[in-house]
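Common to both upcoming complexes is chain A, partnered first by chain B, then by chain C.
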Partner chain A sequence: MRTGWNWLGVLPFFVFAVLFLVLPTMNIVIGAFRNPQGEFTLANLAGLSAPRIVDSFAISIRISLASAALGCLVGFAMAAAVVMGGVPAWLKAPLMTFSGVASNFAGVPLAFAFIATLGRVGLVTMLLRQWFGINIYAMGFNLLSFWGLTLTYLFFQIPLMILIITPALEGLRREWREAAEVLGASTGQYWRMVALPILFPSLLGAFALLFANSFGAVATAYALTGSSLSIVPIMLFAQIRGDVLQDPHLGYAMAFGMIVVTGIANLAYVIMRSRAERWMR
Partner chain B sequence: MSFLNLDHLQKSFGSTQVVHDFSLSVDKGEFISFLGPSGCGKTTVLRMVAGFEEPSEGRILIDGQDVTRLRPNQRQIGMVFQAYALFPNLNVAENVGFGLKVAGVPRSERASRVAEMLELIGLPDMAARFPWQLSGGQQQRVALARALAPRPRVLLLDEPLSALDAKIRVSLRNQIREIQQQLGITTIFVTHDQEEALSISDRIVVMHRGIAEQTGTPPQIYNQPATEFVAGFVGKLNLFDATVLDRASGLVSLAGSEIRLNRPIPPGRVSLAARPEGLVLAETGIPAEVTGVEFLGSVQRLRARVGERDIVLDRFNTDASLPQTGDRLHLSPELSRWLLVSHEQ
Partner chain C sequence: MKRLWSWGAIIAGALYFLLPLIGTLEFSLRMRRGEYSLDAYRSVLADPAFRATFGYSVAMALLTILLGVLIVVPTAYWVRLRLPRLRPVIEFITLLPLVIPAIVVVFGYIRLYNTSSLLPLTGSATGTNLLLLCGYATLALPYMYRAVDTGLSTLDVRSLTEAAQSLGAGWVRIIGNLILPNVMGAVMSGAFLSFAIVIGEFTMAALLNRPAFGPYMQLLGANRAYEPAALAVIAFAATWGCMGLMQLISRLASVRRTAR
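Our next item is the complex of A and B:
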């Protein structure tokens, strides 16, 4: 029989997916529609409309959009400089290694690194004040704020962007650029008419990934801001630890809300990608 | 005055010089092939003409204009690459119209020129296809149309057929030649395939180690190769160990037979040589022992040993029975097609 034991090879994958993806998700979704007594209810979802929680979703989405957009922009520019030869070739290997490390450098260590440099008494803050007379906090900067958190997130968003977009940039064939050039196109025309449309699906995917990455980044935010900036993961964390509202089922509802946001982001990505790839298979 | 002038071009990458003192004058409408083994500098010369490489020395003139320092997008040149150079995100019509679009040609004019080009390459129904939906041969025809659409002054083709199947290669090379003649466009065609170069060129430049070894029409290159390299690279060549009897009158002796070349033998080291189809069997003459026989349909190919040398002899197929391995035959010395090739220093 040809239908023998092939399925055995993918068994570990399915076991993994069920244990770590499907079951927890089911648990969250079911929990979101139950009260502590285990009865069906919509009260948890209704609880999401509380101003605190709506605000926390709004600011999370804004921070995620901002850090994803800036991360994409800066990371793309840096990767392009390296791949297109604007930067010496020997810099490439160290940059990629650094990106690999830095894109994983999230959580508590990153938060403390930032507090130690750009915090109210951080090294860079102090140096700027004493050497140049620039008081960034007096100018409205606050590390424990929207832009503070966005800036911190960029520290792993930019390297992540460099890591995922470099292969796509390397996939641009030299012949495409040269063919465009010899046909009379300027560098700008080449990018607008050829390179960016070809890269668009990859850029879109990178943006979605960066968005999800910062939307779910709880540890950095928590260590950095404590409770001074209520983004969703922090509120959720509080719910689960039980120190604010002490309602684990509201926590389920919030997690469900995060799943929905991430799901919508992914859906938007899939739709736009299939449009951008109309010229492919 | 010729249309395209390459004037003492040189190119070095770092400390290695890959093009040495390359000069060539191409007439308007002429089809020139650069022929040579891989790595001899063909692409480098072509890329200097296109403007992708800057010559270390020398000048490039198109129609009297010095373009040596112009960027590729200022030169009005059409170029076809080896493969996969179509823009994958644009369909066939958009690819062909690309050069017109960046030049600001209005949409309606562009559309009619694109249609004209697709007609020219014989793919009028493919306008809406994307590159991945085309065969390799179709892609190269579209690449040709794209290069020709903006009416370039010079067309450059860098081994445009080398990634294709043998059968398509032959039909496409003939189509390229037809289109080139129809438009009368000055063309440089790079290839490492001698048959390709011989079959479609007005003139061939045989290149070897960054040097133009010989420039001439296909018959000149084949029948009067200037150097041993040209003789050996273009077509098959048999070399013989002959002894010079008289340089001035061109008298040599080979395995006991005298051969009259009826022209003076140039100074320096030269070899007596002949093409496989230039050798003729005779009743008497230079002794040869058959070492192998191949029947190739229209041609019989004999392998034989003459003195210390292995040679190949081709003759048209006839009803006469094939010689057998081990047969002792004779080559005629009365031949007008003996070649003299000089050795490289």
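Our next item is the complex of A and C:
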């Protein structure tokens, strides 16, 4: 009797989750497999092979890969510097606080910040021209491009990496390093044969999470480029607003494609994290 | 050698993060020709649309926090007390908003709650506001749940509950007067994070056509030169404020706990 009524306590949560998370998502997923008459079809998914949609997925994935890879690299270097690199210990707290803020500073204001900095009349653009005579726009740089967007995304990717990887770096025991040194390992050997293999799942997991993080970002890209760079979220945004693909069900298929990509990335993160935790005890 | 590398990484990173902040600040002061002035800020603050949309988003953020607390605190408490076997399921659901992009969720809302559906929420302004509110609560769910669950893990939920029950307290009283005050620090940190997320949110508000701060900023960015930089400075200051308060409260809470 007692256990029979316990589930009532979590009923509000489940009602909320079903109404505003599960059902809306299911609706899109089912819509991706239906034709306008409501019959089952794979034609929508096949429609994803249209060149402009393939292109948008390709450029989205490339931007996400680039910003995740660079974010991992720089974030790792910065985290390693404060955890074990011999810089003063007081630097760690401000870095972590700043990372907490910056990883949430995405969206429209971030786009504005980069326009004011690296836009045609931005501070860095002007200073480079006045001080060094370098005109980055004449050299082919454009903020509203692949590299411009990647550079902007790094502003929230690097801090996220720092937040994720710092605990893993702190989990590296000093004994392991000492043991390696006693056995005659150089610093390079220690990193190559001890530290990196232990950190590998954490790094791969962080990479997957960063990838998903930038793949789903809409606001930054939209405020930065308008609709001039057709990455997946921007195209889907235009589709929802005005059916630019002229086929609602193709829109569902595109949204479904987004879920599949972020889903795979997150699954990779979860698997890698459970592997990494083996060493964290 | 190692130090050189470390300093190199820190300095390069600091440059990358500081330059856009300095650039934005400098740009926001450049509105008047030839000298620095606060004209861009004056222009933004004097805009009635700024006040209206900012007010709307602040109200939405506060309501999101309220809704989030109402959903998350009783659930997390109940699961710890009575249904520990359900914990992985609940945790999985609370992580879903990180997996499913917001744009897909709101796409689903538009399809599911349109005017020809069973629950035509998008038919009226109030209904759409309600839908946006629930959307925001969904976005905040991972952060709120994680914060509250961590807070609960520091309590002996079972003993507290039994003590309260033996003194004759009902469920509402236990959750409202006993559990909630004990996890207040955690709730606050979840609340500030939710606030920071909601205040500038763009995608959901734009697609549901609500007059929120995010779409307003985007519109201003498409039409003006200096005001967007001023807005970015204001938004960054607001995010800093939220995070700073969050850190302060969690630090105060931990000081109090160790003092006890």
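Rule of thumb we're sticking to: the second predicted complex is superposed on the first by the 226 of 281 C-alpha atoms of A that agree within 3 Å, B and C clash if a C-alpha of one lies under 4 Å from a C-alpha of the other, contacts with A are read in each partner's own complex, and residues count from 1 in each chain.
Criterion: a contact is a pair of C-beta atoms (placed from the backbone, for glycine too) under 8 Å apart; a residue touches a chain by one contact, two chains touch by 3 or more.
Every value quoted in this text rests on a predicted model; they were computed, and no experiment measured them.
Trainee: Based on the shared chain A superposition, would you classify chain B and chain C as clashing or fitting together?
Mentor: fit
Trainee: Quick one: is A:57 in contact with chain B, with chain C, with both, or with neither? Answer first, second, both or neither.
Mentor: In the superposition, A:57 contacts neither chain B nor chain C.
Trainee: Examine A:158 and indicate which partner it touches, taking first as chain B and second as chain C; both and neither are also allowed.
Mentor: second
Trainee: Quick check on the superposed pair: does A:98 touch chain B, chain C, both, or neither? Answer first, second, both or neither.
Mentor: A:98 sits against chain C, while chain B stays out of touch.
Trainee: Which partner does A:194 reach: the first (chain B), the second (chain C), both, or neither?
Mentor: First partner only.
Trainee: Scan A:87 for contacts with chain B and chain C and give back first, second, both or neither.
Mentor: In the superposed model, A:87 contacts chain C only, not chain B.
Trainee: Classify the contacts of A:16 with the two partner chains as first (chain B alone), second (chain C alone), both, or neither.
Mentor: In the superposition, A:16 contacts chain C only.
Trainee: If you stack the two complexes on chain A, which partner ends up touching A:186: first (chain B), second (chain C), both, or neither?
Mentor: It touches chain B, and chain C stays clear.
Trainee: Using the touch criterion from the header, give the chain among chain B and chain C with more contacted residues in chain A.
Mentor: Tallying touched residues of chain A, the top partner is C.
Trainee: Report, please, how wide the angle is at the C-alpha centre of chain A between chain B and chain C, in steps of 10 degrees.
Mentor: The C-alpha centres give an angle of about 90 degrees at chain A.
Trainee: May I ask you to decide whether A:211 touches chain B, chain C, both, or neither, giving the answer as first, second, both or neither?
Mentor: In the superposition, A:211 contacts neither chain B nor chain C.
Trainee: Kindly classify A:175 by the partners it touches after superposition: chain B alone (first), chain C alone (second), both, or neither?
Mentor: Once the two structures are laid over each other on A, A:175 reaches chain B alone.
Trainee: State the minimum pairwise Cα distance, in Å, between chain B and chain C in the overlaid complexes.
Mentor: 15
Trainee: Considering each complex separately, which residues of chain A are in contact with chain B in the first and with chain C in the second?
Mentor: Shared contact residues on chain A: none.
Trainee: Could you list, by residue number, the parts of chain C that touch chain A in their complex?
Mentor: The contact residues of chain C facing chain A are 2-3, 5-7, 9-10, 12-13, 16-17, 19-24, 26-28, 71-72, 74-75, 78-79, 82-83, 86, 90, 93, 96-112, 134-135, 137-138, 141, 193, 196-197, 200-203, 206-207, 214, 217-218, 221-222, 228-229, 231-232, 235-236, 239-240, 243-244, 247.
Trainee: Under the stated contact criterion, what part of chain A meets chain B in this complex?
Mentor: Touching chain B: residues 173, 175-176, 178-186, 189, 193-194, 197-198, 279-281 of chain A.
Trainee: Which residues of chain A touch chain C in the complex?
Mentor: 6-7, 9-10, 12-13, 16-17, 19-28, 31, 74, 77-78, 80-82, 85-87, 91, 97-98, 100-102, 104-105, 107-118, 122-124, 154-155, 158, 187, 212, 215-216, 218-219, 222-223, 226, 233, 236-237, 240-241, 251-252, 255, 258-259, 262-263, 266
Trainee: Please name which positions on chain B make contact with chain A in the complex.
Mentor: My answer: residues 50-52, 71-73, 75-79, 81, 84-91, 98-99, 101-103, 130, 132, 143, 146-147, 150.
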